[in-house]
Amino acid sequence: MAHDLPTAAALGHLPKEEFAKTLGGIYENSIWVAEAAFEAGPFGNLTDIAKAMAAVVASASDEQQLALLNAHPDLAGKAAVAGALTVASTEEQAKAGLDSLTEAEMETFTRLNTEYRAKFGFPFIIAVRNATKRTILGAFEGRINNSIGVEKLQCLAQVDKIAWMRLLNVAKPAPTGFLTCHILDTARGCPAAGLRLTLSRLHDNRSELLGEWVTNSDGRLPGGPALKGETFQAGTYCWNFYAGDYFAANCLPISGQPFLDMIPLHFGIDNPEDHYHVPLLCSPWSFSTYRGS
Amino acid sequence: MAHDLPTAAALGHLPKEEFAKTLGGIYENSIWVAEAAFEAGPFGNLTDIAKAMAAVVASASDEQQLALLNAHPDLAGKAAVAGALTVASTEEQAKAGLDSLTEAEMETFTRLNTEYRAKFGFPFIIAVRNATKRTILGAFEGRINNSIGVEKLQCLAQVDKIAWMRLLNVAKPAPTGFLTCHILDTARGCPAAGLRLTLSRLHDNRSELLGEWVTNSDGRLPGGPALKGETFQAGTYCWNFYAGDYFAANCLPISGQPFLDMIPLHFGIDNPEDHYHVPLLCSPWSFSTYRGS
Amino acid sequence: MAHDLPTAAALGHLPKEEFAKTLGGIYENSIWVAEAAFEAGPFGNLTDIAKAMAAVVASASDEQQLALLNAHPDLAGKAAVAGALTVASTEEQAKAGLDSLTEAEMETFTRLNTEYRAKFGFPFIIAVRNATKRTILGAFEGRINNSIGVEKLQCLAQVDKIAWMRLLNVAKPAPTGFLTCHILDTARGCPAAGLRLTLSRLHDNRSELLGEWVTNSDGRLPGGPALKGETFQAGTYCWNFYAGDYFAANCLPISGQPFLDMIPLHFGIDNPEDHYHVPLLCSPWSFSTYRGS
Amino acid sequence: MAHDLPTAAALGHLPKEEFAKTLGGIYENSIWVAEAAFEAGPFGNLTDIAKAMAAVVASASDEQQLALLNAHPDLAGKAAVAGALTVASTEEQAKAGLDSLTEAEMETFTRLNTEYRAKFGFPFIIAVRNATKRTILGAFEGRINNSIGVEKLQCLAQVDKIAWMRLLNVAKPAPTGFLTCHILDTARGCPAAGLRLTLSRLHDNRSELLGEWVTNSDGRLPGGPALKGETFQAGTYCWNFYAGDYFAANCLPISGQPFLDMIPLHFGIDNPEDHYHVPLLCSPWSFSTYRGS
C-alpha cells in the first residue's frame, strides 16, 4: 500500500466537502452516502466510517436503495466492454479475470445478467476483489434462485463489502488491529507448549515468510501478537504448525506416517483494525480452528 | 513402489522358513519375531502379519524385549558413520538427513546417545522414515526425561512402527483400503452440496494432482471413494476445499476478504489396507477435521 | 399426538377444496396460501406441502406478504387479552406463558408492540411453541433494531416455522425420518467401540428413557437407527454418553475426577420426516457435535 | 470439606516427621514415599507435594514400585469383606458401591482379581472415588488384556490419582485456582455477546445453582472468574448455556424446534489449584468444548 495515503484519523476529521469528495466513490456513483454519513463523525478509524456509511444505506428508502444498486454496472457487461466503468470497478473486474473471458464465458455472463435483471430489476452485484471467475459464476447461479427480498439484501451486503475494500484503498487503517494464536492439545487437555509455527503472507501464488515462533508454556506466542499495527494488513495468511514434531517430542501415540504432521492453515484478514485470534485445537487425529477473540 | 513385490496374500501364505527369511529383518536383527509370528498365520493381509509380530514382541520376556531394543543402532552413531548398519537402517537414517549432519549436530547426537544409554540401558529408537532432524532431536530431548518404564514402552512402540514401514517395502498391501470425504456445513446444519475439492499427493516438495470433485447433495464425493485399492498408498496427501466459492454461492455471510476461502488439509496415510475417512466440518468462520470411519 | 390424524400421503392427495379447508389456517387467516400451493401437488409428505406453501409466500407480491404478516395478532396484545385469537394462536401464546404475564411484563410487551409496529408497519412475529417469555422478549429487543428489509424476511421465516409446526398438528408425518449416532475417539483416531449411551425424550421437565445401547466396533449403534418411523417425533431429546467409563476401559489418561465423564447432549428434532445424525467426537478433554447426515 | 483442615502452605512446611506422618497414608501403606518427597520441599501448594511424591514413585526401583502396587488391597476382595482395609480404602470402595455387590457381581470381581493377579503379579488398582461398579468392571475387563509393561504403568498412574484425591482430603488447596468461560459464535465468527448461562455443582444426583451470568461484548463473564479461591473445589459442575435465546435474538436461522436450545455441559474439576477454562464454540447446528487455558 502506498505510504502517502491519509491516516484513518485524518480522513475521519476532514471537513464535509472534502470528506464527501474523498469518499464519494466508495459507494458506486452515490456521493449521497458519504454526505449523509459525515454527520455521524468525526471518526477515529475506518471501521466507524464504514459503519456510518452502511447505516445510511440500511436506513435509506426503498427507492434510494434500488437507485444505489442500479448505479452498479453489469459484471463483464456492455459498460465494461466499452470501457465505461468507474476506475474502481474497472480494476476490480480485471482483478477477478473478468476482462479476459472466453467467448463462451462471455455468453454465460450475458445470459445471466439478462435473466437476473429481468427477475430482480437491478444488476447482480458481488464483491469481486478476492474472487475468481468461478466464484462469481457459482454465486450468480446460486443467487438467481433467491426471492427478491432476499436478493436485494444480498446485493446491499455486497455493496457494503465493496465499499470497505475501496475504503482500505484510500486511507491507512488505524493501527489497532493485531493477530494472535493459541495452540491447545486436546489429547492431553493442556496448552501445546514448545510447538513450532510459522506465519506467511500469501499473494499472487507466492508465499512470504513473516515470522517463526515456538509456543510458550501457555501455548501462546512469546512476545505478543504475531502481527500488529502497520504490519497487520488485509490479505491472505498462512500458519504452518509443526504438530508432528510436537507429538513426537511429547510421546503422543501417532502412526509411522503421522495422520497430522505439518498443519497449514490459510485465513483471510478483512479488517486490519480488528483483533484476529486464530487458534489451533489439535490431537494427533483431529484439529479445529475458528475466528476467536 | 516396485510392481514385482509379492502380494500380502502371497506373503501371508509362505512356508515358515521363507516367511522368516523374508520378514526376518522387519524387526532389526531379530528373526525370532517373524518365526514366532508365523504360528498365528496364514495371513490374508499385512495388517494381520504386523499385528502378529507386534503381539510376539509385546508378550516376550523383559530380557527378549531389551535384547530387541539393543539390536538397534544408535541414530547417527558410530555404526552409521562406519557404514555398519543394516540396509534398512541405512536408508531410513539417510532419508531423515542423519547422513549429512553438521559437526555441531553430530556432537549433539553423540551427547544425547551417550546420556540416553546411560540412563535407560538401551539405544534411543524412533521411526525416522517420515521425520526430519528437527523431529528426531525434539523427540530425543523430550523423551530423555521419561521414566524407564515409560521409555521402554515408547521404544517398543517405535520398533513396531519401523516394522510396519519396512513391511510395506517388501509386499503389496491387500487392496482393501480406501479414502472417503464428507463435507458438512455447520452454519446451516446440512451437507455442503456443490463444493469443489481436489486431492493431491505430496512428496519431496512436489504436489501431484490426483482428482477433482464437486460434492453431491449429501456432501460426499460422487462416484465413491477418492482412492481405493492399488491407487491408495501410504504417504502424505492434501485436500483442497474451495469453501469460499461455496459460501458465496449459498449466501452465507462472509467478509470481502473471506476468513476461510480455499482450505488446504494435509493428512498422512499410514496403513493402505484401512479405510480413512477425512471429513470437513465448516462454517465461514471455523472448521474442523478428524480421522473418521 | 392423536392417532386419528390423517397421514401425510392422505393429506397430500385431498381434493382442492378439502386441502384448502384443512390447511387454510396453517398460514394465519390466509387460505390463499394453501389454495395456491395445491397446484404443486399431489404431495407424498408434509415436507413437500410445507415447501410448496413457503414457495407461494416467497413469490407473493410485496402487498400480499405484508397482508399475511398483518393477519397475525400482536403477541400478548389486545386480541389475546380479549380472547379474539384463532385457536392455534391462543394455544401457541399460552404454551409460551404469554397468557400469564405479570403487569410489568405486559407493559413491556405493549410498549414493544407499539414501537415495533410504528417502525415496521406489521406486527412482531415469532414462532413461540418452543419459546419462553425470555426467548420472546430477547428476540423482540434484538430484532427491533433491524432494517425493514431484514426484519420483513425475519417475519416471513417465522411465519413458515409456525406453519410447519401447525402442519405437524393436523397430519401424521411420512415415516421416513430416523435418528442415528456415531462416536469417534479423537484422542486415538478410531471409532469409540463399546461406549454405552442412552436416549431420552425431554418434555415438561420430565425425561423419558427411550433406549440404551453399547456402540459396536464402528462406533455406531448396533441394530440401526435409534428411532425411526412413528417413534421418531418432533421434540427435544437427550443422548447421555458414558464417556468416562469408556476412557477408563481403554486406558486413556484422565484425571481422578475426570474432566469429561457422563456427557449429556440435548438436541431438538424439528422435522420427523428427515434423517438426523447426531454424532459425538470426543477425547478425554474435548468434545464436539453437529447435525450431520 | 471440613474447615479445620490445614492449608496447603501449612502442610508444605511441616517438619519431616510430621510431614511423613500426615502424608504417610497418601500412598497406601508406603510411608517411604512421603519421607523421600519431603526433601524436595518446602512446598507452597498441594500440586507440588503431589508432583514430588509422584516423582519419588516414578524414579523408584522396579522392586519398590511392585511393592507399592502390592500394598494395595483387592477391590471387593477378602480384606474388604473382612473389614481389614485402611480407612481410606474402605471409604473409597464404599463410595463406588463395592460394599454392596450382588452375589453374581462378587463372583465376577473374585474371578477377575484372581486372573489379574495371576497374569501381572500385582492387584488391579483403579481410582474409584468417582467411579461406579460399571466403570470398575469395564476397566477391569479392558485392562486385563494389556501387556505387563503397559499395565504396570496404568496401575502406577492410578496410584498417583488416588494419592491426589487423598491429599485433597487432608489439606485445603492453595487458593490459586479459578474457572473461566468464553462463548464464541462460529456461525458469525464473533464473541457470543448477551448469552445467558448458569453454573451448578452436581453431587449425589442433586444440582446446586452457583451463579448466573450474561456474557459481555467479548463473550466472557462480566466480573471475572465464575469461581475462584475457596469456592473453587474439586467436583462435577454443569454450565447451562441458553443458546436458543441467543440465536433468536440475533436472527440466526434456526428451526421452529431448535436443534440446539439450552446446552448443558458437564465437566469435572480435579485440581482446585489450577485454572480451568471451559469455553463453548457454537453455531445453531454444532458446538464444541475443551479444557482450555
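Order of writing sets the labels: A, B, C and D. Residues in every chain begin at 1.
By our rule, contacts are C-beta pairs under 8 Å (C-beta built on N, C-alpha and C of every residue); 3 or more make two chains touch, one makes a residue touch a chain.
As the structure is a prediction and not an experimental result, all values here were calculated from the model.
Path length between chain A and chain C in the touching-chain graph (shortest route): 1. Chain centres here are means of the Cα atoms, and by that rule the chain farthest away from chain A is D. With centres taken as mean Cα positions, chain D sits 45 Å from chain A. Put simply, the C-alpha centre of chain B and that of chain D have 34 angstrom between them. Residues of chain B found to touch two or more other chains are 150, 186, 189-190, 253, 259, 281, 285-286, 288, 290-291. Taken together, the touching pairs cover every possible pairing of the chains.
Across the interface of their complex, chain D is touched by residues 126-127, 129-132, 134-135, 138-139, 141-143, 146, 150, 154, 157, 161-162, 164-165, 194, 196, 234-236, 242, 244-246, 248-251, 253, 255-264, 266-271, 281, 285-291 of chain C. The touching residues of chain D, when paired with chain B in their complex, are 58-59, 65, 147, 149-150, 152-153, 156, 186-189, 253, 259, 281, 283-286, 288. Of all residues in chain D, only 184, 186, 189-191, 218-219, 281, 288, 290-293 touch chain A in the complex they form.
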